[in-house]
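Same chain, two partners: chain A is paired with chain B first, then with chain C.
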Partner chain A sequence: MTEQVESVISADRSAQAGIERSASLWADAWRDLRRRPVAIASAVVIVLVSSMAAFPWLWTRTDPRDCPIQLSKATPSAAHIFGTNELGCDYYAMTIYGARASIIVALVSTSLVLLVGALVGMAAGFYGGWVDSVLSRLADIFFALPFLLGALVFLSMLRSHSVWTIVLAFAVLGWPPLARIVRASVLATKNMDYVQAARSLGASDRRLLFRHILPNAAAPAIVVATILLGTYVASEATLSYLGIGLQPPEISWGIMIAQGQSYVTSGYPHLLLFPAAFLSATVLAFILLGDALRDALDPKLR
Partner chain B sequence: MGGPGAGGLKGLEVTPLGRYLARRLLQFVPTLLGALFILHYLMTVGIQLNGDPARAVFGDRTPSQSQLQAMQRVFGTDDPCFEQAGNPCLTVFVHRLENMAQGDFGVDSRERPVVTLIAEHAPITARLALLAILIELLVGVTAGVLAGLRGGSFWDYVVKVSTTMLVAIPIFVVGAVTQLVLGVEFGSWLKGVGAPDLLTGLFSIAYRTDQPWASLVMPAFVLASLSLATTARLTRTSLMENLRGDYVRTATAKGLTRNRVVGVHALRNSLIPVITNLGISFGNLLAGAVVTEGIFNIRGIGGLVFGAVATGEAATVVSVVTILVLVYLLCNLIIDVLYAVLDPRIRLD
Partner chain C sequence: MHIRGGLRAAIGLSTALLMLAACGGTPQSSSGPEGGDIKDGGDLRVYIGEPRHIVASNAGESEGSTVARALYSGLIDYVGDDYKIVNVMADSIKSTDNKVWTIKLKGGWAFHNGEAVNSDAYIRAWNAAAYAPNAQLGSHFFERVDGYADLQGKEPKAKEMSGLKKVDDTTFEVTLRQPFAGFPVMLGYVAFMPMAQACAADLKACDEAPIGNGPFKMDGKWEHKQQVKLVRNNDYKGTKAHLDRLTFKIYDKIETAYNDLLAGNIDIMPRRMPPAKVPEARVKFGDRLLDKPSPSFTAVAIPTYLDPFKDKRIRQAMSMAIDRKAIVDAVYQGRYTPAKSFSPPGFPGGRDDTCKYCQFNPEKAKQLLAEAGGWPAGKKAELWFNAGAGHDVWMQAVGDQLKRNLGIDYELKGQLQQPEFLATADAKKLTGPYRSAWAPDYPLNENYLTPLFGTGGSSNRTGYSNPEFDARIVRGDNAKLLDEAGKLYGEAEDLLAEDMPSIPLWFDKASVAFGETVTGVEYNGVQGVNFARVGFTK
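Entry: the complex of A and B
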């Protein structure tokens, strides 16, 4: 009875929506995003930082590892607009090259987390029963481990750290939130009329999952993934700052901040402030874009 | 729904609350074992990929066979399974669990028990966490009320922008910049004008043993910054919701003053999600405390962890983190149970 009423109401709503606009959710979201200055600004920052990561030579011709020691700790000037660090390396070039580690860690970790989270969430939500019980308990267990502490244990066991060991740590520890989100949307979708219709037409489980159910989970998953990108940039920098992530001579904003901090007291605050500003802007951009995406993709808020 | 035990317990006279508590306790055991196993497995894989942490303690020196074996026994890495990649070392795990059950969490390279080390360092971390929670509640709730009283006002805007910044900027950047501006610049100016000890303690760069509370205030602010933003936003949203409630209209119609309506009627209800969040964010607080202590060079549990990382004592890191995770899981359990007991509206199935 209530189901009928609900379906009547939702049919009514979609009829109204049809009169207002006929575009899809994604087209609506895109139009909505273009009207948000915060979203545009964030996207611009992300494009700029990504270009620094992919093509640093577009931004600087100076080699960040070419360090004349006589230039040690120069304050910002025309030749070195961000100054130099204690070894005489050009700080602007270092800051530009520092984007690469952050972006690679964030992109690869997030992709892996999306993949694992989506597979686990789909299996748990679609098959239910003992599959759901086992996978959900497993996610609970990983959830019980504070993220940074888990990464700390894993990385402190390794003697050499690269971008890939950090990615591994993040991917192993990071999938449960995504699995939960995907599971929730699969559960909400799998008994809908159009899925039942597809099933009764003889669609296979795989077709049902990937063609009919997964697209509904895409919107929330993409929102969370965008925010995760920012979180991973921050986490990589935090671990590198604490000396358990990347290690010199690798160039990373976290390492630069850690090293710069020790010269702050002796009057070189720029060694701290430049990488800190780049890092904060990048994380802020991902998180704000995620927030804007959430607002744009959630029709209930319109 | 309905856990595996629900049906079997029906014959007994068990209240829904009792059943919930029993199920929650039953769920706690596999979660605990699972989390401990993940930590163990991360360590095992690390050793299998990278070699024995017992060897790392010696640094550049080459230990003699007997020295190495002695250190391996100390760390509990003398089992041959640590040389077979992929082996989960279950016997070692079971052995460790037995030791943990007896309160033995291993020793560091100087053979001091980790439990003793933790007990030495815990008071500082506890003070830091306590201060952070107080700051979070005080500043967060005040900011949330300021913003929630009138949506779209100047204060609403200020709180919205500043909380976004706090969420997005990594805690160590906040810490490093706070240290630069307040600790270095303002702190040395204070010293220059001969301010009283309490004030210089408040704005000192590092932890000072002569000011055990005051010199932790700035680190506590940094630690609180993340959950503070969430607290402010939650207070704002739920206060705005509650202000539209019928009971608030009734209270206003009765002729109560605005302060009483907001302070006693609306705010009290609005704080429920805030307290919930406080419980949930406890894990972040714990992990954040470790990071904050790293930034401000505080010799608490975080200081212990980073000291161990720096000297390559991976076994100590694992033991300390294991204890932290235990504390975290126990706190979560207590919060859940308290909830079920205190709030009759929570569904127990």
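Entry: the complex of A and C
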């Protein structure tokens, strides 16, 4: 970001917070986040869950797909610390491997949504006129589709369900809020003096957009994206629970919850509690981190 | 028959059976004392899945025949745990040579629209069912009748089978192509129910609101995916029903139905419930849960027309790699009986222990697989079953066993609802082993063999064809006495045990659960619950 913006913000911030000297918005935010225990705890949870997704063998040597059915529904013990499910699969290994589907869906969907949302938002905000009208109405149309219902309809039209079809569904339905946020930021920024100055110096549209305008729009978009990560983890589990997301024998927390819930009242509550706890912790971590990021990045909220 | 949810059918096809009946059954495990405590009146709400069809000639599947059994009364009923044959509309069924059968009817019966149920009503029904352009699921039951072939094909030569002859209003004669000692045993199946003239005139319309002759009649039309409403037939000639109304509530998911039963939104689940809920239901329902051995049979059938399943050693290996007992213990709390044969022991003609590859023996299984050249590297076995009926868990257990004991990885294909699933199987478009469940249409072991494994059999979706098997079936058909026929059919079954076109898994139990005020519930393995006997307590 440019010098001008930094000075505007640091002026704003020092007016409120008093003394501290600040380097940039991001350095400021980083300093702020480090002081928030909630943010740190959330980040730790996210790192742990991500490591389960990327390197499950760091966490368990048991193959969650090798299921001696004779061990059906064992309660937690030293050999199976989370017990086993009705098919005799080790529940701890399943819970660890279940992170992968959630994290992949969340990360890839969010990246796609960010990409599409940012491009559409920038185009609409920067060019205005009919481009804005067309893109904004298009966003309105997609925005009007209820997210979960839309995903259900979309996925039930497809015969095979994998992580990628879910990602596709989320990306198709998820971009409008981001496009709106980016568009609003672009509108707010594009007439600022420093942008006008760059323009009068002969900067191309592309340079204006990517060097001068986008960096200012990035902060709110990243905040929303972080919260979206949590939402997508939850949505993947919801769809898998409903039987329309991932299909067994793939492993995901949603499937584990769906299969485990019927045994809760028959004396095996661990079959529901373990995947549900991991799912809730992950979703909560993303959402709390998103909140913390927003507070840190938006000085006006302080 | 196919049972939908649970069982059977999966494949299978066509036939049908189970039911509920309208007609008779005798008390076997009645929950209430005889009649005395039952009040007349009330509306019984019953769980079923969406039927394919409900008109009797086309109700060849468990849900449809459940409704049809309440709407129709046939010539005979199967009664008791030994399925004794008891006349309902028949006065007598006789033959001297097992080829020409003379059927006498009791007089005075009428359809719900007032038409008389006479010889013509039966002849009309059987011709309409057999006539290929009508595409009725019950058609193949008439294969044995003389002249059946003339009604087949796109443009059949005839509309009536030459083997059906009216003698007088209450007597008709059936001539079979070949002698068949088991013919009278078949006659209690829904395809043999009579048909009113008004129904024959427009079969399609009749499927929406069948005109039967049973203890209940339609109230309005079949509301698809919602319900089928029936009311008592006050002019019924047999034992009249206690209930004023019988409403079949149609559910997509059996779990939802179970919750509705708990909540009192339905009164009875007449045949099955979600397996995981049975222990809980035992506590909650006590003696209002009947857990009865059932001749319904679950297997994993194999598309023998597909590589790599063409090699019988692969099929034998898969069968030996599955620990049936462990799956039954884990998924069904040990309630079901692991199958060691292709027809149920205790059933007329059925034997125990005919299937040597049904033993769990992972070592031998690995060896057979190796002899057959192993499983194609990187290929996943696709395991098919119908959606929404609770089959995913046991099918996953079967897949886990294949993976663990043979190293065959698998994928589950369980998105199709029953009708679509059966249609896909009929078109031979399933890409791997599939759930095959069979509930008997009539009590004879032949019913487990010819339709499923005979060349061109009505429910033969595996593509299995063995001339020696067909020949042994014919030998059984020609037997003079029923017992002898059962034994000869058993010799045909021995060939299946070697060829393994299907992997027998277990014989089910029927779980019938009902609400506190419901009484008079009896379950019969062939006919299901007899709703004419069910009522509410006083």
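Operating definition for what follows: the second predicted complex is superposed on the first by the 281 of 302 C-alpha atoms of A that agree within 3 Å, B and C clash if a C-alpha of one lies under 4 Å from a C-alpha of the other, contacts with A are read in each partner's own complex, and residues count from 1 in each chain.
Following the convention adopted for this analysis, contacts are C-beta pairs under 8 Å (C-beta built on N, C-alpha and C of every residue); 3 or more make two chains touch, one makes a residue touch a chain.
The shown structure was predicted, so the numbers you read here are calculated from the model rather than taken from an experiment.
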Three-chain arrangement built on chain A, chain B and chain C clash or fit: clash
Of chain C and chain B, partner touching more chain A residues: B
Partner chain in contact with A:59 - chain B first, chain C second, else both or neither: neither
First (chain B), second (chain C), both or neither touched by A:141: first
Chain B versus chain C as contact partner of A:127, first or second or both or neither: neither
Touching partner for A:242 - first (chain B), second (chain C), both, neither: first
Which of chain B and chain C A:69 touches, first, second, both or neither: second
When the two complexes are fitted on chain A, the stretch of chain C hitting chain B, from 45-53, 207-215, 423-431 or 495-503: 423-431
Doubly contacted residues of chain A, that is, touched by chain B and again by chain C: 159, 243, 265
Complex contact set, residues of chain A against chain C: 65-70, 72-73, 86-89, 159, 243, 247-249, 259, 262-263, 265-266
Footprint of chain A on chain C - complex, ascending: 255, 274, 276-277, 279-280, 323, 326-327, 329-331, 387, 392-393, 396-397, 399-401, 403-404, 410-412, 414-415
Chain B residues within the chain A interface of the complex: 27, 30-32, 34-35, 38-39, 42-43, 45-47, 49-51, 53, 56, 164-165, 167-173, 176-177, 179-180, 184, 205, 283-284, 286-288, 290-291, 294, 305-306, 308-310, 314, 317-318, 321, 324-325, 328-329, 332
Residue ranges of chain A touching chain B (in the complex, touch as defined): 137-138, 140-142, 144-150, 152-154, 156-160, 172, 230, 234, 237-238, 241-244, 254, 257, 261, 264-265, 269, 272-273, 276, 279-280, 283-284, 287-288, 291
